[in-house]
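First the structure, which I've put down as structure tokens, then a few questions once you've had a look.
Each chain gets a letter, A, B, C, D and E, in the order it is written, and its residues are counted from 1.
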Amino acid sequence: MQKIEQLIKEKARDLLAAGQVTSVIAWQKGEMFYDNAPGYFDNTEELDALVYNAFCAANLSKYLIANTKKDEKTAVFLKPCDTYSLNQLIKDRRVQREQVLVIGIPCAGMVDINKVKAQGLKGIIGITEDGDNLTVETAYGTKQVARAEVLLNKCLACKGSAYAVSDETIGEPMAVKHAPYDRFAVVKELESLSPQERFAFWQEELSKCIRCNACRDICPACSCEQCLFDNPESPLAGKANNNSAEEQLFHIIRAYHVAGRCTDCGECSRVCPQGIRLDLLNRKFIKDINEFYGDYQAGADADTNAPLLSFDVDDVEPGAATKGRE
Amino acid sequence: MHLTEKEEAAEILRISGVKADNCMQCGKCSAACPAGAKMDILPHRFVWELMNGRVNNLAASNTLWQCLSCFTCSARCPRGVDPAKLIEAVRLSVIRKQGENRLNVDELPAEIDEMMPQQALVSALRKYNK
Amino acid sequence: MLAAQSTPDKEFEQLIVAFCCNWCSYAGADLAGTARRSYPANIKIIRVPCSCRVNPTFILRAFLRGADGVIIAGCHPGDCHYTSGNYFARRRMTLLMSMLSFLGVDKARLRVEWVSAAEGNKFAEVMTSFAETIKALGENVKLRDLRCKK
Amino acid sequence: MWQEGTAVDLKTTITAKSLKNIFFPQIENLLAFERQGQKLSLEQKQLPAEKTIAFGVRACDIASFNLLDKVFLKQPVDHFYQARRENCTLIGLACSEPEETCFCRTFGIEPASPTADAAAWLVGDDLFWQPKTTKGEELTAAIKDLFTEAEGGDKIVAEQQAQVQALLDKMPLAGFALSDEECSKQAEIFESEVWEELSKTCLGCGTCTYVCPTCHCYDIRDYEVNDKVERYRCWDSCMFSDFTNMAGGNPRTTRLARFRQRYMHKLVYFPANNEGAYACVGCGRRLQKCPVSLNIVKVAKALGVTKNV
Amino acid sequence: MQKIGVFVCWCGSNIAATVDVARVAESVKSIPGVAFAADYRYMCSEGGQELMQKAIKDYGLSRVVVCSCSPRMHEATFRKAAQAAGLNPYLVEIANIREHCSWVHKDKEVATAKAIALAKAAIAKVKLNTPLVSGESAVVKRALVIGGGIAGLQTALDIAEAGYKVDIVEKTPSIGGKMSQLDKTFPTLDCSACILTPKMVEAATHENITIYTYSEIEKVSGYVGQFEAVIRKKARSVSVDRCSGCGICSEKCPSKKAKSEFDQGLRNRSAIYIPFAQAIPNVPVIDRENCLKFQTGKCGICAKVCPAGAIEYEQEDELVTQKYGAIVLATGFEPIDMAKFGEFNYEYCPDVITSLEFERLTNAAGPTQGHLVRLSDGKKPKSIVFVSCVGSRDTTERGKTYCSKICCMYNAKHAMLVKEKYPDIDVQVFYIDVRTPGKSFDEFYRRAVEEYGVQYTKGMVGKITEEGDHLLVHASDVASGAQLSVPADMVVLATAIKPAADARKLATMLTASIDTNDFFTEAHPKLRPVESPTAGIFLSGVCQGPKDIPETVAQAGAAAVKVLGLLSKDKLLTNPCVATCNEQTCSGCLACEKVCPYGAISAEYKLVNVKGLKERRLIAQVNEALCQGCGACTVACPSGAMDLKGFSNKQIMAEVDAIC
């Protein structure tokens, strides 16, 4: 990924120098090497903080909402999976397409630091990438780890190296090497359980929720000016889950609001501090939509109507749809 | 226990499960009945009698035995009433009252008279092997 | 973590909320009334302009507040007074029912029925059969906000 | 809460969620009142009285309780917090394998020598135990048959402590230290234009406040339940847009204002009111959990309030 | 704090019989906000409304809840009463404790408890009602009549007489409808053409009426007062202006194998044809399926022989878009199909015909020039049997459950006409019940029996079989109990009638309610028989239910008066319960616009002041005139910015909370 970072820096420098854009959105170095954060770069001096390595999982498309309000031109570097989210934001009119210069950058799959730690590595000081492996340098010695084993969950369901939307691209497309993965596998497994087991699973999973709203605020499809849960006028506003019913309520509504608009970018379960598998809820809706109304990938383009905003005269009947899967 | 005629009629209606009250006495069942000519009480009057709680004259009528159970009347009835089932129900109630059978099985002649119409054989078997 | 336990104090008195669309099923309910068709009294009807007005949050709120069953009645697809209202409602409810079932809530607690203004009998039959299903399922303990149940 | 039979995991250095909710739970009903005609009946929720033991608490979390005590136990005392705090005996467990996100020493906290009611060190399979306070003494007395006199224990413990120091020195955040003098320049920090740049990428979600052991803000709401009304308290986050909704409006409407308030409270306001004690214990949870990796270290460096040690 | 008045109606005994109204009034008194509660015997009566108005004035009520019958019944009444007392009409809510409670629950204890719950829900909702003012929308002073039969013509004439423009759209090449196919009409036996043709001419020449024949409705949008219809004028392939109606083209046309729809298929017609002599417009139409020119490209004789050069093969369908204030449905009826009634042998015996075919046989302009002859051998029949209720009063799925109402009268008419013209023909009518109610109808039927000797036998025909050169009608004489096999030379079946085939398609287009038999449902069977529940749509003729010509003309006139009531207004009060967008929380994603069936939502950049921050945002705007208040947008909107006045999110949530 090293030479891609170099190409990005040069591209950003040219754009800023030529004044083609007023700011560039990319990733900037953090304290450690793995906590890269999204960053705005307004002038060329700041560019040396720009970084692009195996820890740039953050989806930058949501930051464009703020910029396109101030009718300035912004350049953004997007991985293939982030471009779907940008299409969705354009379709929801939260981002003005003409004020964004989209530069597609290849991605070989991002690494999940927790999975690295789960391999018994502590006090990590540095990680260098070479080919399909990572050498991890820790206070307790260095270790070799295969990249495919420590990929983020969302990269396992990678939607391929094609860009859904891009003005320009940098570098050659890279494939994400990972074991074959059916993103609906866990959903199907849950569906096969009895209602009692499913309820117990979700009650356990959702009880960990501390209502910190990270899942809602990172989600590019959740882009309302004022969310239903923050609006004191709405009867559902609430700051904490008093019991299991309210936990489920918050998550059903959050998942329902993005149903048909969720591009399955996996950011919600990546950022959840409690590690709740929120993507399973979204994937359940995606699986249902595909099954009932034909395959639909949100953000594949910026104009087809979302499934819940359109209908077909001979749609399946509500009761029948869930027959057979008790 | 001995039912009055009215109760017995109601009992027959209940057993047969036929909603006789739907009948509007249009007479279509009797019109189409192939054995109607030989019946003393035509199917529509059969239903009418039962609707009004009279069953004794039906039990004594020859309709029970003329009816071929071809169910044309039930197929044609515009109100979905099933006269054939009513006739069957009355016939069964008669058969069950021992001793009043028209013909005993072993009274049938050994070799069947070739003049006996095929239809009669079939309906006889239907009536007796109940 | 609060375990949801049911407290069968007195004989289980089921509570069912019915969202009826003003043009068809509400009129069907009226017709069931004029025809003196009876159905269980624990069904309470809320009038909405169209089945597409029923927001899933109303349904979840009803369950949260202790409803044991929720039924949405709308016009037959194609007969909607607003042409496409019930088509949208159909999709929304299909996904909601599937998700509730996915979360382990008994799917039969939420039901969608198409009843026209001329089908008084069907309205009464549907409500009676739904009440029986809910009675069989028993009290809704999974989606209930323990503080709200009387 | 530990139940019989669940395995105890002493390996992980830092828990995902902080331990503040054993004294300051996320939701808590304070009282309920009911109106009968003109009379109003008040029902005070009784204070939690069950005795608890918190075993395996890390030094940073213990230090955070001291900070929380400064808030909840100062007049007017929060009875609920006080009841839970007094009924709990804290047993600190020294860190043996610090994480790269740990910087507790910046705030003068010794990871290897916790200052709770009793301290424990886990070296290999045996556990060294040293009661510190009266509560610690009582507990030790109550279970004294579990212990055997550990001769030479101090030496092994000291050895582990040195080892921990050495490990921490290798960590990237080893040299991070705050200069009290810089942090006291309240007006200057407030005006700094660094906030604009820093706060731009913050999502305003609230993860940092909920995982942080020292954050103690809460919201009180009345919840109408049939004919009774319950007053309940729940965590709140200064990062939420409606945190400062008041009758007169909302003084902090921009994300920058909220972001600045959060960090200034940690670095400037809290020390000013509490004899210079920073409202941070360097546990590093925020470094791990912030979706966009913003944290106090980055902010402090950007503000230039650090000093090199 | 709100001051709510709750009025619990006895509705005579309808409610009071199974609901303890006093206890309902008593129990709501304790609810915070209720300032007054009372029960009254008839709330909708003069006294009831005065009680409410007096209470509003005396107690200064700010909200009113009436626990009574269905809001669909008296919501308007109570709103007017409140308005008269100075209260905004939309601050009134109705709790339906009759149809939804007292009439459907027998146990008084249970019904009372439910009534109290429904009252509480209404009170919870009314607390959140906001005063609403109806908007106004202009009324297009033009009416559309779909269907050119006697019903459509009469309605159009009555509307045109009042000075309003009317368009008639007729599917077939000429107006006149089923009545133009009849010979004589009951009860006066005057010739159908003689009384219909003048009306057709009057309609054709009336300056306020425009007639589109051989045309269909393609699409209808909009709402009462502002409908917009797209009419598809199918290509006649003949120029209406140049054609003089001489008929040479029909004579010379070589393709003669098409069956004439007008003559019920009893004779053929040429590919280019005028349906019947008195057709208006008297201009032929080319039936492209059977025309050699269109099928094979050869021929073109009609163009050659036409003296006026009026043939235009290249004529295309034309779409006409027109705005209307009101639409009248007059789509008429069709006889049902005999395919399922095998027992009558209709398909195999040419001499078994339907009544409409009999009308054509006896009609002077018919295929046999009015001579009553058998279709099999052309001989004069010596005996004719008429069979009533074929397919009517049939609860099985073969036929129609209802009585078609007009057959008994026209059976008697046919019987008398035969006996009058050919006294020697034996006429027998098999019936279940003769239904000839009303003025001079029974006398008409008795005249057929007493003066003309028509034999009426009570008993349904079971089966019709062929025997030699004549038919055998198997029936039973229910009165005597005998089984009959009546020889007959001709049998006429009085088939049931059903609505025109495209009634359901039109109902979907106009969102008009339609019942399971495809008859349009009227707003109220007794009080509003000529209006559809959908505002601005009216019903005229058999499309609303079986009826004879006198009733059709009466109902056609009634529909016209209702249309005039609507068109005479310049402004219509629109339904104020429409959607509204909260600018503070709208994020401009326009999900609402995608689900709005009326296209009532547009978007605009506006300067919005949110908590002191001024920002230029894209905000959804609702066009209150177009919005019909369905609420689809309120659910599509994720942030809850879009809400519906009268049924707001908070109101419905309050009702749910009150009930659960």
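To be clear about the criterion, contacts are C-beta pairs under 8 Å (C-beta built on N, C-alpha and C of every residue); 3 or more make two chains touch, one makes a residue touch a chain.
Just so you know, these numbers come straight off a predicted model, no measurement behind them.
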| item | value |
| --- | --- |
| Chain-contact steps, minimal, separating chain D from chain A | 1 |
| Which of A-C and D-E has more C-beta pairs touching across its chains | A-C |
| Centroid-based (C-alpha) most distant chain relative to chain B | D |
| Centre-most chain [mean C-alpha coordinates] | C |
| Distance from the mean Cα position of chain E to that of chain D, given in whole angstrom | 73 |
| Inter-centroid spacing, chain E versus chain A (mean Cα positions, whole Å) | 55 |
| Between chain C and chain B, distance of the C-alpha-averaged centres to the nearest whole Å | 49 |
| Residue numbers of chain C (touch at least two other chains) | 56-57, 61, 78, 84, 88, 92, 147-148 |
| Of all residues in chain B, the ones touching two or more other chains | none |
| For chain A, residues contacting two or more additional chains | 226, 228, 235, 242, 308 |
| Chain B residues touching chain E - in the complex, by the definition given at the top | 22, 24-33, 36-37, 41-42, 44-45, 76-80 |
| Touch list for chain D against partner chain E, complex | 249-250, 253-254 |
| Touching residues on chain A, where the partner in the complex is chain D | 30-32, 35-40, 58, 63, 66, 122-125, 138-140, 210-214, 216-218, 226, 230, 232, 239-242, 267, 270-271, 273-275 |
| Contact set on chain D toward chain A in their complex | 13, 16-17, 26-27, 97-101, 167, 170-173, 197, 200-201, 203-207, 209-211, 219, 221, 223, 232, 234-237, 240-242, 245, 287, 289, 291-295, 297-298 |
| Sites on chain C touched by chain A in the complex | 1-2, 4, 56-57, 60-61, 63-64, 77-78, 84, 87-88, 90-107, 111-112, 142-147 |
